[in-house]
């Protein structure tokens, strides 16, 4: 019996090692550089009268609260485009995937959309983690991602279009506003513990050093924890002229409740927030009247384009729903894609990217223009103030659209290598 | 009953392993697209961790709710090596430029070496599990206490990774990896190779576990699970028995985590979270915690189910997942694999004896 | 000195919240040995109950008074349902209850998302909780004071319930010796159900309190569940006085660690301290003597 | 199995042993000499401290005083070290490993004598000492059965078998024959007689018939102290013992 067992094990082992060696041999084919398009050709099929586009948003998990709204506005855009005849005469066939609030799932689903569903482009992602997780997938499979959320910049990928703000369209204009209009001398930084707040605060600290503004505190909380009491105590004791708030999502509720609890408000401790939009404001049960935000779009923007957008959105998803910056950026991104494809006359990735430069669109936020070099879009910064009804009104606006500068090359005080 | 037939049955699990090997190493690579195969590879990583959980939980009775910790240790060790590879021989990873001093910390430097990394993937979790296991089991902390503690430690580890952004990349983790020991990660041929290595590791882990289960250690482990104090009166220190199983499970989770990285293309703290740890347990519970193949098969099924259900019902798949937990634990606590072979479980008991009869 | 005072108060606020969440667990986990991972979702149900109450009684000043008992009943009934349908089939399988209730927690989260939508709901605090009172030169927020008072009230209520009522004696009898309790005429099944009802109901009360300090949304329970279990474990399973001390110790430790390091490191270090503490006292602050071998 | 050490006369010397729980003195001032080669019975009413005494000697509860065996102070050792020193015990409710077969139960009891390598190898054959123990306890016919299906008496014998395999020179047997039929008691007594000569065997027992039939020496405990010690005849003649037992005859029968 011992003998037969030995044979069986030996046999299995031999089979295994043979399999390993075989695959090992075949694998030494490529090395080093990840040239675009190195792996397999695109399977996008536009021979019929439809074109498949992927929507990749977290429908489950912690981020679903925000990302479902993006999915909604993407669906609205697709519906409107289809009603108007589609892209190059082809109807959009949206394929929704759930990123489940997990970056690895985003990467996996992006690959699935591109390889199994053969979509021509993908719209979605929210957190920076999800974007950087998807980045190599779009690069290696040579497809396009439209990313609709303001972010920390310092990035310009060949395969990604960034339709939210980069730092010089949101953070820096807010700082300029605070410095020139509000004449602040001190600032307190509060953020969630992840890459956007950390990067934004690095930029803010260098900006403040340049302009002689004192940073009196810098506090972070993990995304899933809302114990803001201690940080607010520090704000109470340091009495900053303004609090720069880079807290993400729901954590804002806990932060602002603690803020309100300890007697702080827009008159004795004003806040500028860069992640509180209409959606978040509505969910915060304390009085935010007078607190400021920095975005590129508010539901209250007065323009025929926005009036139509808000009307259509409410008609489709309900009167009570609000529209926000990332939703608008996502909505806009699909129209930009349509214009790019029509200019290129093709759904081919390289042709579409090649046609991107200079594409403009009269978006709800105003006129936007695609920068073909860094794949961001020129957009106008709007400093807003929260109204008693939780909507946000523009109180200050940049002089027209700001050219995107993701690496802050035009700012002499910026030194990325400084800790 | 024919003795020869019975002896043959003694190796039934080996036949199971062989069938699984055939599926993973021959059928799947031929039938699946590169993308699906890569997914299957990730499930194999969960399965490798699952085999360890089967050992510690199914056979050892320790509900290891914190295997994400060890999965993460292996994954970050591998991630650090691949990140350094991606950065280039003299450069430092991008996030260290953005958030740190731009100088590689001393404890990162050894991970430039592939050999060191592989050793670290095995040794670091083993040491952590050893210290933790001795601390916990010698103090006779067990049951619910142990489960909650290990979960808390996993959460703490995740929070640590998040907060030390200049060393770990923070919430975003180690991403934009491009090569695996010099091989381009996104070349389909290389992807297949990485998959095959993972699948072979899974098979090897199953063979090791097969041997452990039929060894005296395996018997003592069951004895410890069922009657810990009684085992003490056989002259064993049950803490030591448990520590050994815990360390082996930790190493397996770490290896699973390490292989996960080249297939996912990144690693971040979410893979180390309490939820990720419970998902690992889910597969084992579904497959059958105390069986040899159950944990591996369960992990594969849960991985596949998660992908395909969330593709088909992106809005609703959480219901399926929740319902699966409830139904499996409530109605088939011994897992799916216990339903099918109820019949030969009876034979299973007798096979050891027959073997002895023959040997004597 | 200011820091010591402010962080002690802020920490006590964290602690009071933890205590409210953990109190129900000292019953369901401590007395019944059920590791209920859905406890956090019962809290969430309590928070949504407060939201629903506010939809009916739009005056925030009085809605909270109705919300507390309503949330207690809603969460309690959910707990009762869980006990009857699921838990009752799995006593003596402590570790399995953890997994099964984890499944329940997933389902409840998704259900809340489907019923109330993914967006967080705003629950307004009553105006009489707006403001601060000065204590030792620290302006202590009234909301925090309210949570503190509520948690102490719940502790006193629960303790007297267990100590002075027949029901309390029956619970203790059932925990100490099931079979014996059964033979002297205690219906241990009803006791189980009632215990679970009260334990879960307390989570609902905690949910109402938590609407004062955080967002009301489907995953809100997740933030507290591990902390709450650590409170119970560190306090000694089934020990209410242990839970009280552990909750405040954890809360204050966290506040000071947050002050000195940062929010993430405070979580890491507090959890590690609990692990080290359990090395010194594996049975928690207050141990229950057991004579069983296992 | 027959190492030369066993021929030395082995005493388990207990001096001034005391155990207290939260201030309550469960046992105190116990002096005993347990000698090899005779069946030593420990009797006494419930709460007399019999099981506590055994718990103290096997590392289950903390105790003060001295208990020396082969030069080792048992009170300073942990349970598994005490077992390795050659002192074993059984429990009131038989605790065998129900999922393992009788043979496996016996086999893992031999772990004390094995190397780490032996642990990770599968059993190739039944070791002779396991075979012998199996024969001694008379469970050859059911050796392949899972221990969970054994009858109550058989489980107790299996426990004794496990003590044989682990080569315990001192055996504490806690109410081994409780719940057994008369026939089984007879067999158990015979079994104990067989294995007694080169061992120290201490049996906690309530059943006086059993004690009368098999005891070489009896120690009576009462209220945490040793009341008296002697042969069965001496014990029965002792008025103190009668007094202790008379007041509680009802409970005594319930146990028989």
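For reference, chains read A, B, C and D in written order, and residue numbers begin at 1 within each chain.
FYI, a contact is a pair of C-beta atoms (placed from the backbone, for glycine too) under 8 Å apart; a residue touches a chain by one contact, two chains touch by 3 or more.
It should be emphasised that the depicted structure is a prediction, and the values quoted were computed from it without experimental measurement.
Looking at chain A and chain B, the chains that touch each of them are C.
The central chain here, found by comparing per-chain C-alpha centres with the mean of all protein C-alpha atoms, is B. When chain centres are defined as mean Cα coordinates, D lies farthest from chain C. Chain pairs B-C and B-D differ in how many C-beta pairs they share in contact, with the greater number at B-C. Between the Cα centres of chain C and chain D there is a gap of 47 Å.
For the pair chain B and chain C, the distance between C-alpha centroids works out to 33 Å. The mean-CA centres of chain A and chain D are about 72 angstrom from one another, to the nearest whole unit. For the pair chain B and chain D, the distance between mean C-alpha positions equals 43 Å. Residue positions of chain C touching 2 or more other chains, listed in rising order: 110, 262-264, 267, 293.
Counting partners per residue, chain D has 91, 95, 124 as the residues that reach two or more other chains. Multi-chain contact residues of chain A, defined as those touching 2 or more other chains: 60, 193, 220, 222. Here chain B touches chain D in the complex through residues 211-212, 214-217, 219-220, 222-223, 226-227, 229-230, 232-238, 349-350, 352-353, 356, 359-360, going by the rule given at the top. Against chain B, in their complex, chain C makes its touches with residues 29, 33, 35, 86, 89-90, 93-96, 98-100, 102-107, 109-110, 226, 229-230, 233, 237, 262-265, 267-268, 271-272, 274-275, 278-279, 282, 293-294. Residues of chain B touching chain A in their complex: 7, 11, 14, 17-18, 21, 25-26, 29, 33-36, 38-39, 42, 95, 97-102, 159, 162-163, 165-166, 170-173, 175-179, 182-190, 192-193, 196-197, 200, 203-204, 207, 264-266, 268, 270-271, 307, 310-311, 314-315, 317-318, 355, 358-359. Interface of chain D with chain B (complex): residues 58-59, 78-80, 83-84, 88-89, 91, 95-101, 103-104, 107-109, 111-112, 114, 118-126, 143-144, 146, 162, 166. Interface of chain C with chain A (complex): residues 2, 6-7, 10, 13-14, 110, 113, 118-125, 130-132, 139, 141-144, 211-217, 219-220, 222-223, 254-255, 258-259, 262-264, 266-267.
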